[in-house]
Amino acid sequence: MTLLKGPGEARHYDGSSLRIGIIHARWNTKIIDALLAGTRKALAAGGVKDENIVTQSVPGSYELPYAAQRMYASSQTQSSTSAASGLIGNATDLLSQSASDLTSLGQGKKEKESGSQSTAPFDAVIAIGVLIKGSTMHFEYIADAVSHGLMRVQLDAGVPVIFGLLTLLTEEQGLERAGIAGADGNGGHNHGEDWGSAAVELGVKRRGWMEGRFVE
Amino acid sequence: MTLLKGPGEARHYDGSSLRIGIIHARWNTKIIDALLAGTRKALAAGGVKDENIVTQSVPGSYELPYAAQRMYASSQTQSSTSAASGLIGNATDLLSQSASDLTSLGQGKKEKESGSQSTAPFDAVIAIGVLIKGSTMHFEYIADAVSHGLMRVQLDAGVPVIFGLLTLLTEEQGLERAGIAGADGNGGHNHGEDWGSAAVELGVKRRGWMEGRFVE
Amino acid sequence: MTLLKGPGEARHYDGSSLRIGIIHARWNTKIIDALLAGTRKALAAGGVKDENIVTQSVPGSYELPYAAQRMYASSQTQSSTSAASGLIGNATDLLSQSASDLTSLGQGKKEKESGSQSTAPFDAVIAIGVLIKGSTMHFEYIADAVSHGLMRVQLDAGVPVIFGLLTLLTEEQGLERAGIAGADGNGGHNHGEDWGSAAVELGVKRRGWMEGRFVE
Amino acid sequence: MTLLKGPGEARHYDGSSLRIGIIHARWNTKIIDALLAGTRKALAAGGVKDENIVTQSVPGSYELPYAAQRMYASSQTQSSTSAASGLIGNATDLLSQSASDLTSLGQGKKEKESGSQSTAPFDAVIAIGVLIKGSTMHFEYIADAVSHGLMRVQLDAGVPVIFGLLTLLTEEQGLERAGIAGADGNGGHNHGEDWGSAAVELGVKRRGWMEGRFVE
Amino acid sequence: MTLLKGPGEARHYDGSSLRIGIIHARWNTKIIDALLAGTRKALAAGGVKDENIVTQSVPGSYELPYAAQRMYASSQTQSSTSAASGLIGNATDLLSQSASDLTSLGQGKKEKESGSQSTAPFDAVIAIGVLIKGSTMHFEYIADAVSHGLMRVQLDAGVPVIFGLLTLLTEEQGLERAGIAGADGNGGHNHGEDWGSAAVELGVKRRGWMEGRFVE
């Protein structure tokens, strides 16, 4: 089948062993929240375990590249610490766990006991922000610097950074791209879902690339 | 609670052990001064001690990335000097103290004696400048180079650089964003407050990242 | 002969010993597919063997620079692995082979036995994507970051990265540049053909440059 | 005193021990010459000795970043050569002196004998060029690449590079910014003066930064 | 004499010992050919020997930065090879000679015997391309990436890269800037001449910079 629009047919990638970092800005929270939900939904569909997703936030989009870079470095530090000392590593993991609700914390704790929570370096980082054109030129300079900054981070670090930055002319465009537009609040397409599945795909392909294999 | 506008809900971060550098341009001084005041207010609200804030200025915004980079490097130099020789380090600190008024100098001296003034590397740098569109293309090229330059500095150095550059089409826009617009001179929202609290948040999160912890 | 338009007269370059990586986005699949076909046609015309072309995809164009960088690094890893252990290297090659149809897989296997399939680092990488202007500013920021990102990858890695990114204002422009416009679906010029022959030319010239020779 | 426009109040910085490099393009010579004069005037007012200013030119503004980088590297080479061999270093200095008129050459020679001419690395570099919008897009791409290029040079080398690039829509704008507009040829404000004093200020602050001191 | 337009008065620089690389795109061949002729004319006027000019081409302008980088690296490789083994080096030189016609080849061979052909690293590289605005955004993204790419190459490698990229809105603008406009085909000014003399000037100045001398 050939589609003119859309990301084309993707195979299903098994993300069950992946660890994913999400960094999001907090401006335009309603849109951000919906995008985050869409992202997590796609990660779950790809088999990524909830306890292997670390989510953090920064105030605005300009902070995304720096935070993406540091979060990844932090996951590397965590990984080497865990390797060095099993038990202490485990305790650190619990402290560092991004527990947005008690359910997932409990689940994480349980799976921890069975050794399933990962402290490996992230296989991909997803950076999410929403910029809306205002009356100054702030939008243009932020959007440009962040687009290049996220590109730099992934090329420097060798980890995929999924570009979840919406650069919008109106707020309505954001509602549509977060799948919460219209009278019933579920119009449009939630781009977070695309970002989540892109993270799984790139994370899996990256593992191949690291070993000299080309995973299609 | 979900807001459509604004930086969303931030937790309160304890900045009492942080050291912050502020670099600001001097063009459009009135706006700059108000932004500086807003920034300091938010830093204080975050618990950052006055003697642990180093403020410096440069003539124009194009100098901000270079100065931010050098100020941070200077704080690193200062830190290693202090570590090497306690007493001499202390004397150097006094000399290097950015003493904008005698009150804070006196306070700094007193707290110095009780060992509370920091000579550690900055936990965050805030870069503040005001660019207003003029009749040439100066505005566009400066704004673009500075936005990318500040991004580079933070990614190179691993220290958060808060983007306090207003890129305005009119002077009135600056007054509004400095919270000094309107007939009574207190209209609008002082963006410096956002920058100050962003510096505290990023400074605290960075400490976590350095140790492999994800502080939410 | 002097032409005012077009890439000028190129000599024929012998690509029979080259190994080429192709990375393409999947958005706007119909156009992408035609461009891929054009690219392969030109590679074949340049003598590049089908089993020495590795094709991979990513969801969107923003992922192209990262994937181009990693694919090239993967080919280097593969090369050193092959050199280290002949038999194991061979097995890895088969696994990593991008087998889009059984015919080429069979062919690859056969030629493998006669030792003709390459596991050398790629001589060039071709990055293919199609961006079409939409209602937000997504197009502009993606196109800009990807153009610079691909430029960086080739300058960092020392391998030519052919710029196969179409930055279009309308879908019709894409059909024309993929050679599938008009009522009969074969109008316009397939730019993939230019990219394929550019990859062969640059791949051959690069080998000269590596040895201090200037191949005209 | 608070000004809404202008670079704000700067303290007076003592530039008497500084060494400054000036690199300027030659396109739009009349404007360039006036800007150079303004720059030198401000350097003199800051106490920089004439023999400690090295001025060089390049044809166009695109060459400014490269030349700024190389001039600074050259001053470093010169410095280490001088340190290695006093007498030979001195001879080299005389040869390398940028002698635009015989007066300054004579003066340089005399002060050389009293040991006052510096062969230290530059404390700041000032890059001066004038770009005027023409009928092609040359202006836009040059201005953009040069703005980013000069930013890179200062961040790479750790030496301040003062941005003396005028990006103008009309020639008249240049005359005004060089202080040579109007019927009597002295209208407007000579921006070279700002650049000269910025170089002194940044040069002095940089010395502090190198030693872990914050000079306000 | 003071000119308001033009590159100002340049001294004459002696290019007789310089080695220059030229890389040009082939799109818009007629304009390119005229620019190449102008460039060579200026190089000859600067004393650069024909056998010390290496010319290579790439299909389009996007390839210019990569090719400029690799050509320069190739000249460095060639130089070290020549130094290592005289006779073998000579043979390599002949093979690598860019011989666009038999006359220059014969001349090169003769001068080779008298030892005048250089195998030193290039003193400057000239990058020539012609971009004309089309109906997509291809022009904008290519022009931007190439302008920054060439800037990077010269700052990375420390060799001047002369910016010979015409970024045009119409074909006629190209004819004028190549000196082949109008009914008689010699209208306008050939910008290649400026590029050739800039290469000689920068090449000579660079040699000074490398030794800590400032050649005016």
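Note that the chains are named A, B, C, D and E in the order they appear, and that numbering of residues resets to 1 at the start of each chain.
In the analysis below, a contact is a pair of C-beta atoms (placed from the backbone, for glycine too) under 8 Å apart; a residue touches a chain by one contact, two chains touch by 3 or more.
Only a predicted model underlies this, so the values are computations on that prediction, with no experimental measurement involved.
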Just tell me the minimum hop count from chain C to chain D, counting one hop per pair of touching chains. 2
Between chain D and chain E, how many steps is the shortest route if every step has to go to a touching chain? 1
When chain B is superposed on chain C by its C-alpha atoms, the rotation angle in degrees, nearest 5: 145
Measuring from the mean C-alpha position of chain A to the mean C-alpha position of chain B, what distance in angstrom results? 28
Give, as an integer number of Å, the spacing between the C-alpha centres of chain E and chain A. 46
Name the residues of chain A that each touch 2 or more other chains. 144, 148
Please categorise the chain-chain contact pattern as a line, ring, star, complete graph or other. ring
Cyclic order, anchored at chain B and moving toward chain D, comes out as B, D, E, C, A
Going by the contact rule at the top, pick out the chain B residues touching chain D in the complex. 25-33, 54-60, 62-63, 65-67, 69-71, 73-75, 77-79, 81, 92, 95-100, 135-138, 140-142, 144-146, 148-149, 152-153, 156, 171
Residues on chain E engaged by chain D in the complex (per definition of touch): 2-10, 133, 143-144, 147-148, 150-151, 154-155, 158, 160-163, 165-169, 173, 177, 194, 197-198, 201-202, 205-206, 208-216
